[in-house]
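The two complexes that follow have chain A in common; it is paired with chain B in the first and with chain C in the second.
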Partner chain A sequence: MTTPILAVENLQISVRKKPGLLILRGVSFTVHAGETLAIVGESGCGKSMTSLAIMGLLPDAVERTAGSVRFKGRELPITDNRAMRKVRAVEIGMVFQEPMAALDPLYPVGKQVLEVIEEHEQLPREMAWKRVIDLLTKVDLPNPEALAWSYPHKLSGGQLQRVVIAMALACNPDVLIADEPTTALDVTVQAQIMRLLKRLQRDTGVAIVLITHNLGLVAHTADRVMVMYAGNKAEEAPTRDLFLSPRHPYSRGLLDATPNPERAAAGGGVLREIPGTVPSIADPMPGCRFAPRCPNASDLCRARVPEPTFEGAHGYACFHPVARETLT
Partner chain B sequence: MTTPLLRIDNLHVSFRVGKEMIHPVRGISLQLERGETLALVGESGCGKTTLARTILGLQAPSSGSIEYEGNDIAGLDRFRLKRYRPHIQCVFQDPFSSLNPRKRVEQLIREPLDIHQIGEASSRLKRAHEMMERVGLPTDWGRRFPHEFSGGQRQRIGIARALVMQPDLLICDEPVSALDVSIQAQIVNLLWELKRDMGLSYLFISHDLMLVETFADRVAMMYKGEIVETGPAREVWSNPQHAFTRRMIDAIPVPDVTRPTPPAFRIDAD
Partner chain C sequence: MKPIRRRFPWAFLGKRLVYGALAMLAIAIINFFLLKLAPGDAAEALAGQAGTADPEYIAQLRAQFGLDQPLLSQLWAFLTRLATLDLGYSHVFNERVSTLILSRLPATLMLMGAAILIAVIGGIVFGVTAARYANRWPDRAISFVALLLYGTPPYWIGLMMILIFAVWLGWTPTSGMENVLAFHTGWDRVVDIAHHLILPALAQSIFYLAIYIRLVRAGMLEVLSLDFIRVARAKGISERRLAYRHALRNAVLPLVTVVGTNIGNFLGGAVLTETVFSWPGVGRLMFDAMFQRDLNLLLSILVLSSLFVIVANLIVDLLYAIINPTVELK
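And now, the complex of A and B:
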């Protein structure tokens, strides 16, 4: 097997002033060139914290207490902000959820794309500006020469997200982390943005880490899925396997709770819910953190943390997994 | 034929934003029967929240009528509107900004009763506790403040506060769009049970056609201030008539890998 382009190993993140309060509890995964890995989970599961850690953008209140992030086999200095400036945009680009917050309202959008290029490359101004226009064209913005001089408030949410994507891809990174890139957008615009990302991926081979809570997006855009719950990796599988035969009861519950028109037609009108709420990070549970909400939980689950079990590319951390479906 | 619970006829709303006049609601006519769940679906900026605000009397219409049980309530002043307020209540989208952070939960829930002076002061707290229980909140949490609750629990508080008035019509403006999937399902199911047990009618405002398709009786599709299509939820989903509805459905990723990828997501055409 080839070296993954990005490898996160046993990443553990804790609250700085309170050792023992873990936000990420040892998460590992890999991303290969040209693929899309979706990281799925609900608020507080650690999916955004994972992406911030990879970019070296962890908030001051938390710190890495174990684990590593490797890019093409080389360990990234994720705690060294200065060193990480050479990694961001050049090796790993990032697209955030709120495009309005990611852009400076006081500068024309073209200048902001230019700034990324000039930060990382020594180019004559004219060539750099030509790159800006090329990038804005590549992300399908209409009339890029004029639009480059527009201020963010003049653009729609979808257009702003295209500018942010142009910024993220300005220095041809090998990995693009997209953290809920379409959550703030209407469903028709969401489809346009996802299609743009997939097309850019096809043309450049960039690997995409798609962080989302939208299982529908995952079903139609990701190659592999990692499901996170309360700071842990619950399950990891090729997209088709996860949807057709989830093994972790949380993945099963998440799929069942998602509105699905076919299923609604079959029964009753109400959704299947997961009872209870996500545990607080301060809750000192000795066992599986999903146990209090889990239909399969036993005394074993409440006493010990399950280790990940792998069947080929499909892994899950559960003592009492959901029965395997025969895949056709 | 019986009078519908709510009948909106040729409603227009316009207001000034800076120097510009905008017309978010352009001639809307709608009917909501007693016991019905009508979902109003549209994209951001289509005017659905303005319509809700107008029905609630928080925004004056420029023309048209809003009949509640046959009485026109469009543009009534606040004194005359007060009579209708207990009958039409609202659950808002953001469970964080819609609750006063300085009030205890039991105070928040009994507040509508205090304002409308319903029942003895001593019985109002009891009513608030009954409502807490009904929406699945432990009554001994009544002394806590909103910040001590999660998003889903706060939305339960918002629902209890709306239902303590025993309204006939509940307007839900994106009540679950700020919530996680598993919690979203809990709240939708709660609303469904409450409707069944209390005989409520819902106007459910959402941008998520797939979500409302699972529990609404009828759907009204709103586009640029107008209703472009109405029909039974299942029919609108499976056989959309208007181009806007079709475009929206083509862009919705259904969480099912056995279904073909929706046309709007395919890159093979590029």
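And now, the complex of A and C:
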């Protein structure tokens, strides 16, 4: 197997100066060139923290306590803000959730794309500007020469997200982290943005880490899926495997919690919820953090943390996995 | 690459000039009646100085100054003079009012300009520094000093500064605007005036400096927590560029508004500062006019001050729209 382009190994993040309060409890995963890995999980499960950690953008209130992030085999200095500046945008680009708030209201959007190029490349202004127009054209913005001089408040959410994508790809990074890139947008615009991301991926070969809680989006765009729960990796599988035969009871629960007309027609109810709530990060439970909500939980689950088990590309951290089956 | 030019807001300017003129008229009328409420007039003051209380002499002075006319016709005479830009003659100072004010105006404008400049530049520099080191010792030191300056009366600071820097240390002159007896010319004169300017400008700016530091610090902290700053950081932009190019320009917007509203206060504060430092400006002239009951001169200064404040605010509004493209002036 080739070296992954991005490898996160046993990444642990806790509240600063309180090593007992773990936000990320040792998460590992890899991303290969050109693929799309989706990270799913409910709010607060640590998926955004993971992406911020990779970029070296962790908030001051938290810190990495263990683990590493490797890019093309080389460890990234994720706690060194200065050194990370050379990684950001150049090797790993990032698209955020809220396009309306992602741009400085006081500068024309083209200038903000230009800023990325000027920061990282020694290019004559005219050529850099030409590249800005090219980028805006590539993200399907109409009339890019004029639009480049518009201020953010003149553009729609979808247009702004296209500008943010152009900004993230301005220096041809190898990895693009998209943290809920469509959550704030209309459904029709969501589909357009995802199609755009997939097309750009085909054209440039950029690997995408898609962070989302929208399983429908995952099914259509991701090659592999990683399911996270309460700071742990619960399951990781090729997209098809996960949707057809989830092994972790939490993944199973997530899939059951999406509206399913077929199941409803069979008398199974439109939605099935997962009982209970996510444990607090201050809760010192010794075993699996999903155990209190899990239908399969045993005393073993409550006593010990399950290690990840792999069957080929399909991995899960569970003592009592759901039996292989086809989704009904 | 060329930006799209925004059209100059002529309609906005026209509307504001009309409002400004109406405001000035109201200010002139209100101040006229307020000043007439005060006991005594120029005739009594002059007669007092001449050492007589002869009613005939006073009545003669009143007739000469037009003070024996009914109140409304005095007001009318004042307003028509204003409209024709003729401010009249000061019998107390034996000089045309316009000449009197114009001769004092540069000194006041210089003092005000220097004070505003010190307050704004100092506010930005210290405010940004405090925000970048939020809750660490540079921030604590700056915030503490700012609070101290904010809580101390400006005239007391002025007197203390004279005592320390002029009397004890002998670094600066105690008062006045220039060393008249030295007959400096050219560059020497500029240096001499700047030397005299330091203390009064500092004294007048210090209260506002404290406010602006706190304002910029709070604004910076707020802006630095916004999403687009994190996005800019994810672009690999340096912290310095982030602070000055993105955060500061956003954080400075409320400062521009506050400076605009403070321009009137700077002018009002000039009376105090110019008196403490014997600065030959309009503020001192106003103070003297008040004591001499030279109501015409006083009114003229008040109306001119209001004109100045109105124009300054208009400029600030235009400036605000230049810094903040999301504002449309209508």
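Quick note on the criterion: the second predicted complex is superposed on the first by the 322 of 328 C-alpha atoms of A that agree within 3 Å, B and C clash if a C-alpha of one lies under 4 Å from a C-alpha of the other, contacts with A are read in each partner's own complex, and residues count from 1 in each chain.
As a convention for this text, a residue touches a chain if its C-beta (ideal position, glycine included) is under 8 Å from a C-beta of that chain, and two chains touch if they have at least 3 such contacts.
Quick caveat, the model's predicted, so the values are computed rather than measured.
J.: Name the contact category of A:V90: first (chain B only), second (chain C only), both, or neither.
T.: In the superposed model, A:V90 contacts chain C only, not chain B.
J.: Looking at A:V164 after the superposition, I want to know if it touches chain B, chain C, both of them or none. Which is it: first, second, both, neither?
T.: Once the two structures are laid over each other on A, A:V164 reaches chain C alone.
J.: Between chain B and chain C, whom does A:E9 touch in the aligned arrangement: first, second, both, or neither?
T.: Neither chain B nor chain C is touched by A:E9.
J.: Looking at A:T221 after the superposition, I want to know if it touches chain B, chain C, both of them or none. Which is it: first, second, both, neither?
T.: first
J.: With the two complexes superposed on chain A, say which partner A:E63 touches: chain B (first), chain C (second), both, or neither.
T.: Touch status of A:E63: no partner.
J.: Taking the stated contact definition, name every residue in chain A that is touched by chain B in one complex and by chain C in the other, in rising order.
T.: The overlap between the chain B and chain C interfaces on chain A is empty, containing no residue.
J.: Which residues of chain B touch chain A in their complex?
T.: Interface residues on chain B, with respect to chain A: 43-44, 150-153, 180-186, 188-189, 192, 207-211, 213-215, 234, 237, 247-248, 250-258, 261-262, 264-267, 270.
J.: Where on chain A does chain C make contact in their complex?
T.: Those residues of chain A that touch chain C are 55, 57, 81, 84-90, 93-94, 96, 98, 101-106, 108, 110, 115-116, 119-120, 125-126, 129, 146, 148-149, 151, 153, 164, 167-168.
J.: Applying the document's contact rule, which stretches of chain A touch chain B when the two form their complex?
T.: Listed in rising order, the residues are 42-43, 186-188, 190-192, 194-195, 198-199, 202, 213-221, 239-240, 243-244, 253-255, 257-262, 264-265, 269-275, 277.
J.: In the complex, go through chain C and note every residue touching chain A.
T.: 1, 3-4, 226-228, 230-239, 241, 246, 249-250, 323-326
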